[in-house]
């Protein structure tokens, strides 16, 4: 605590840590939120998708030595394939059913894919090296900072801008936004709604995969990492507001700061701080900082 | 009094009770242990169904209240050497209070948001159990629970469990068939309409959550003594999922369905574990079957078969 | 004496003004119809009055009490009940339980954890069933009733609250001419015997002019006229925006 107050360099490093963590989480949470925004499904399996992304990275970059960038691309591609299979094979039958059934379906996927990961990659903690040339530290003038974490802090905003442009500036994005409002209307206009659905699910899932791949040098792939990340994502999207891109971005940043500074102030209890923040948000804005109230059923 | 249980159900209950009471006569340790565990899980699943089947919300974090009941009972018995007559009620009250606290936040939202929040709060309980090592034992678990001498043996413990579970289920049955229970069903059926007959639906959903948490606490408090320990896994979300699946497998639209689901899933797990280490996959497949073809569970299936047979004759 | 009043009531759905500055009053004991073309804002108006939606501006007063922004369950308890345009019952409960639950709620027994449901309000439930002509369907699952009977059931659910003012949103929508006639006769009868004040929206002009004491006209979210049926029939503005050129609709 004293150290925190007395050393500007230390504070500076913590700020960078917070942004780096927040931006990594943003990539994953944005996928969850995007899928919810259009498909109205909360994908509990999003955490397992993240875990698969990390494991795929291990196999490609570490095991087969095909390089880090190949690993990221493979994670995105792998999760895209998984997403198509799940959306076309399972989800599409449940859009008009109760939300409970959809949640349970995604949970069944968690259970099955969790075991699948154990069969393929075992139960040991695996380690992924930093990409070549990024394992060191960069001189930022007042201090050195790990280059890879710096990269994470930059990739997040780039993905944010990309998603933002896609949703706000393209015809396709406008259609997707319309789909969140009224899919029947879209279908009536001759728009192929199933294609929109599967594409959004694919993009959202690929983001989880990419997020996992990028996190793998810091968060070693291991069974159970899916449970941690999904809860973090839930906290972020509830704070930010489900279905809102800005919400995921701001929510993830806030989470990053609360988590990092929380662990400095009261080590080991950082998760609890995130929850306290969540409770405060729920009291003031039940639908999250950028969320809109759901229309009531019936 | 005005309580009326359909005759067939009443007779079945009595038969099951008598059969259970006779289990120790077999002197089979295996059978006694299995039955004790099933009774605890049956109560746990029935308590969850107050939220799901009656108030129409989904909790993905019910294990938290089971774990709180277990931890509080274990800690009071062992660390503070309190007698059971004090520790047990306090454990149950603690579960109920924790549920009330969480309900205050969760009931601000409905549906998917509610489900996500219950999960998130349960993971908070898990995180606390995990990190508060000095009190809970952290990931080593809280072991060596002091169980009162009169419950030290398997058979007295079996009867203790039978009595507590039977009385609890009796009380739950009354609550579910009371004016409160029927109004809860109305809340489940049509939230908006329930508001327009003068019901504060948020408060009702919260009350259901508290009732459910309280009875889960009872189950947890028994289980901690049975196991002589409490472990962080008991609060983990997979445990919540397991009890959720028990409830749905049995059938959420029937009062006793979840108890049947608990017994079925428990036995299935015992059986499956002899053949495979991939129980989660089996569980996932069961869940897929429920979602895709058996939304009303085993009880719903039985009703459908009965209707088919009656229609065919 | 006005039992229900709105002043400057406005609802803005993110730029789309569904209800614009509506000042309206409902007199005690009257049967008041709100008419207007589709999308005029009739249902939104009801939703604002009953607490289903929160107004962007303006106030709602019920029996000299400001109820703006109050949740529905509190407004109902003051004696303002409503039915919905799209049927709003408890579909998987029996017809009997639908009405009984409403009575349980009225008597504040919905938090009685140990009062057997099966023993509550038996007499009154039976009376309401008979009143709306559903006594033979008591044990049926509500959602499986015919459309017209579900509407009757919803009426009984609303009546169970013992309201002094009843808001009916399109009480005859989707009914056959015969059902419409019976339903309206029933509503009329109940209003008389119970001394109810009635506010309703209705698309069928023969019903409107048949039973309404007063008529208000909504158009594009604005209240453009309010008065006796004959005045409305001859009001040039009403004829222009609502009844169109021909006056056959008012016949």
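Details
By letter and in written order, the chains are A, B and C; residue numbering begins at 1 in each of them.
Here, contacts are C-beta pairs under 8 Å (C-beta built on N, C-alpha and C of every residue); 3 or more make two chains touch, one makes a residue touch a chain.
Here the structure is a predicted model, which is why all the values come from computation and not from measurement.
Chain closest to the overall centre, judged by the mean of its C-alpha atoms against the mean of all protein C-alpha atoms: B.
Greatest Cα centroid separation from subunit A: this falls to C. Look at where the CA atoms of subunit A average out and do the same for subunit C: the two points lie 47 Å apart.
Rounded to whole angstrom units, the spacing between the C-alpha centres of subunit A and subunit B is 32.
For the pair subunit B and subunit C, the distance between mean C-alpha positions equals 42 Å. Among the residues of subunit A, those touching two or more other chains are numbered 298. Residue positions of subunit B touching 2 or more other chains, listed in rising order: 190, 192-193.
Subunit C has residues 88 in contact with two or more other chains. Taken in their complex, subunit B has these residues touching subunit A: 52, 58, 60, 105, 108-113, 115-117, 119-121, 123-124, 127-128, 131, 190-193, 236-238, 241, 244, 248, 278, 280-281, 283-285, 287-288, 290-292, 295.
Subunit B makes touch with subunit C in their complex at residues 1-4, 174-175, 177-183, 185-186, 189-190, 192-201, 204, 207, 211, 253. Remark: subunit C residues 50, 52, 71-73, 76-77, 81-82, 84, 88-93, 97-98, 100-102, 104-106, 109-120, 157-158, 160-161 touch subunit B in the complex.
By the touch criterion stated above, subunit A contacts subunit B in their complex at residues 36, 40, 42, 44, 90, 93-94, 99-101, 103-105, 107-112, 114-116, 118-119, 227, 231, 234-235, 238, 242, 268-269, 271-272, 275, 278-279, 282-283, 286-287, 294, 296-298.
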